[in-house]
Amino acid sequence: MTLADAAEELVRLGTDFHRRSWMLGTSGNLSVVLARDPLRVAITASSIDKGRMHPRQILEIDNQGVMMRAAEGKPSAETLLHLEVIRSIGAGAVMHTHSVWTTVLSDYHHANGGFHIEGYEMLKGLEGVHTHEHREWIPVLDNNQDMSILAAQAQELFAAHSNIHGLLVRRHGMYTWGKDLATAARHVEILEFLMEAVGRRQMMEPQFS
Amino acid sequence: MTLADAAEELVRLGTDFHRRSWMLGTSGNLSVVLARDPLRVAITASSIDKGRMHPRQILEIDNQGVMMRAAEGKPSAETLLHLEVIRSIGAGAVMHTHSVWTTVLSDYHHANGGFHIEGYEMLKGLEGVHTHEHREWIPVLDNNQDMSILAAQAQELFAAHSNIHGLLVRRHGMYTWGKDLATAARHVEILEFLMEAVGRRQMMEPQFS
Amino acid sequence: MTLADAAEELVRLGTDFHRRSWMLGTSGNLSVVLARDPLRVAITASSIDKGRMHPRQILEIDNQGVMMRAAEGKPSAETLLHLEVIRSIGAGAVMHTHSVWTTVLSDYHHANGGFHIEGYEMLKGLEGVHTHEHREWIPVLDNNQDMSILAAQAQELFAAHSNIHGLLVRRHGMYTWGKDLATAARHVEILEFLMEAVGRRQMMEPQFS
Amino acid sequence: MTLADAAEELVRLGTDFHRRSWMLGTSGNLSVVLARDPLRVAITASSIDKGRMHPRQILEIDNQGVMMRAAEGKPSAETLLHLEVIRSIGAGAVMHTHSVWTTVLSDYHHANGGFHIEGYEMLKGLEGVHTHEHREWIPVLDNNQDMSILAAQAQELFAAHSNIHGLLVRRHGMYTWGKDLATAARHVEILEFLMEAVGRRQMMEPQFS
């Protein structure tokens, strides 16, 4: 994938996620692997308005998060967590979104370190899941402005839970990923759907969990 | 109806239902009868992204679900349930959607095998219903990855309840149908509206059901 | 206003209200006065899909609801209630919509015959209201398939409450109106907003009303 | 910034906020500073439909709210509060919106004079906030049709709380601002997101606050 193709796709996805209220204001960032050896990644620049993105705001970085060519803006601190997901999981694309439901559930469940989503057909939209009789663990990390700490916690998490498809950061948002852009973008849709479904299910019957 | 016309209409409907969050990711499938004798049906291929559908992903199948001509993709296992609805009910089109409200209500009511929707004017949007003083039974089947079991349960259901307009599968979604595409698509809108209305009505007054 | 201009505006409004889920399926109807003496009214035909309206589906009727010229379709029974609002209130346009929140609140409050909305700034969007310190009565009529009964109940209501801006029919929807199309359409937006606000306010604190 | 550029941007923002249901009917108003010395401000005219705005409805006013050139319409009474924000805070743009969630929360919290939003990553979308460990005070003023009283209360508020980014008026809506239009518009998105998140968080667990 060329940087130009990646930039066009990331702008399309970011604009769509903004419209759906999953990346409001300057929140969130999206990345896709351009080459593996050596690693080169296309990623949204820091602090750009997701409702008015353009391709010049997509940066090309190396495996340390250093920019490889001139562009508009610079990488955000959260680039570290994108690179950790790419390294630990082998992901080809990483999506970091901020929706209302992921924010609410990350707060509600953080004391237990996360929660399970189980028995929903929509789980089959997650790569490698072939039955609704699947028990998906959604870990919740504490938020931290020091992204090296968050990245280290994510690394531990991936070592302990090799088969997760996303994670939440408390009162912050979601990270999900996939082997390629289409898979990662589908995981955003699937996980957002599941979050809203389990959130509304619980509100209908407060003693339910 | 030609396959080309059917493909165009199914893409239009699928794209619209994706936009409304009723067929996110690769979830759901839509079908329409092209000819009765012998039966030929146009149906969405398995595992296609409903946000980026194109007409080549609409398949023509026979009464066993076998593809009648080359196309992009293959039928999903849920084709069996579409064919059962077409046979048992005589439907001309079948819509299988996955919305948040149908998912939530299917779980809430599954222990009772379903629930009634009664007294709503919007029920008159269902074919053959001419007054709000109608009591519509919404059955809920347990989910199952073996579609031959689900199809057999649906067949029993249709024998016992000849006048239903849709059914839910637990934590999965809705099947509805109609004599033609326009009727089936209207039933999706009507039933989605009614699900949200009864869901919110109950949340306003938890002891209410 | 010519019938052609009225048809164009009613199609625009109906399409917009469908998109906002206030006139799903074939639900709802819209009308506007073309001339007063003798009365001629443009109104949406019965049972048309509000997502795919076109100007040929707008009918011209007289003060008895009789069609004045050939068109696609025929008047719905609810035309009687539109004509009652035009006669009793002197309205220049009438909007009948079916939203989730009006449906839910009409059911919740019907035992009291209605409810008040008071203290909201948005009330000033209703014609003739100049302060938030206004107490708007929202009457709820029982639903009835005999529109002559509903029209007679509305006539009584208008005699008793000359300053209302809309009414609900239980588990059915809303009627609102205005001196012209723009005012009536604004009343739909304003009342829908207020319904959602009072509905969510109450859900936040169940003992609250 | 010229009046023509300001008008184009205010129409774009108002149309977008209407589409998102934050400025329904004729509610709300938007302004931007054109020059500081002497002060000249572009502001939306009173009582215009936010779904059908056009640039001729954007007025140029001086520091007393007096119109500086002919245009369509006149300033609304709320212009006084815009000018107070511009003077007291030094804001370059002011946005006054009416959403469901700000309306609901303004009512719920008004007895305490406001509420805190704390610990959310999205707070970093507010100018000058660099960590989620921020405690943002959201003051709630009582509504009043005398805008000189509201403006005086806002002046006191700004003196006591120099670091707030917005305020609510009870059962009315939100005022927010920024150094320029893009910042003020981002603050609308960020605060609307946070209001919905804290509102839904509380509904999930009623004893929570």
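A, B, C and D are the chain letters, set down in written order, and residue numbers restart from 1 in every chain.
Methods note: a residue touches a chain if its C-beta (ideal position, glycine included) is under 8 Å from a C-beta of that chain, and two chains touch if they have at least 3 such contacts.
All figures in this text were calculated on a predicted structure; none of them were measured in a lab.
A.B. asks: State which chains count as neighbours of subunit A and simultaneously of subunit B.
C.D. replies: none
A.B. asks: Rotation angle, subunit C onto subunit D: superpose the C-alpha atoms of these two copies and give the value as a multiple of 5 degrees.
C.D. replies: 90
A.B. asks: Computing the C-alpha centre of each chain, which chain sits at the greatest distance from subunit B?
C.D. replies: Farthest by centroid: D.
A.B. asks: Rounded to a whole Å, what is the gap between the Cα centroids of subunit A and subunit D?
C.D. replies: Comparing mean C-alpha positions, subunit D is 31 Å from subunit A.
A.B. asks: When the C-alpha atoms of subunit A and subunit C are each averaged to a single point, how far apart are the two points in Å?
C.D. replies: Distance between chain centres, rounded to whole Å: 44 Å.
A.B. asks: Of all residues in subunit A, which are in touch with two or more distinct other chains?
C.D. replies: Where subunit A meets two or more other chains at a single residue, that happens at 203, 206.
A.B. asks: Considering the complex alone, what residue numbers of subunit B touch subunit C?
C.D. replies: Listed in rising order, the residues of subunit B that touch subunit C are 119-122, 125, 130-133, 182, 186, 189-190, 192-193, 196-197, 200-201, 203-206.
A.B. asks: What part of subunit D is in contact with subunit C in the complex they form?
C.D. replies: Touch list, subunit D to subunit C: 21, 24-27, 49, 51, 98, 100-101, 103-104, 107-108, 143, 145, 169-173, 199, 202-203, 206.
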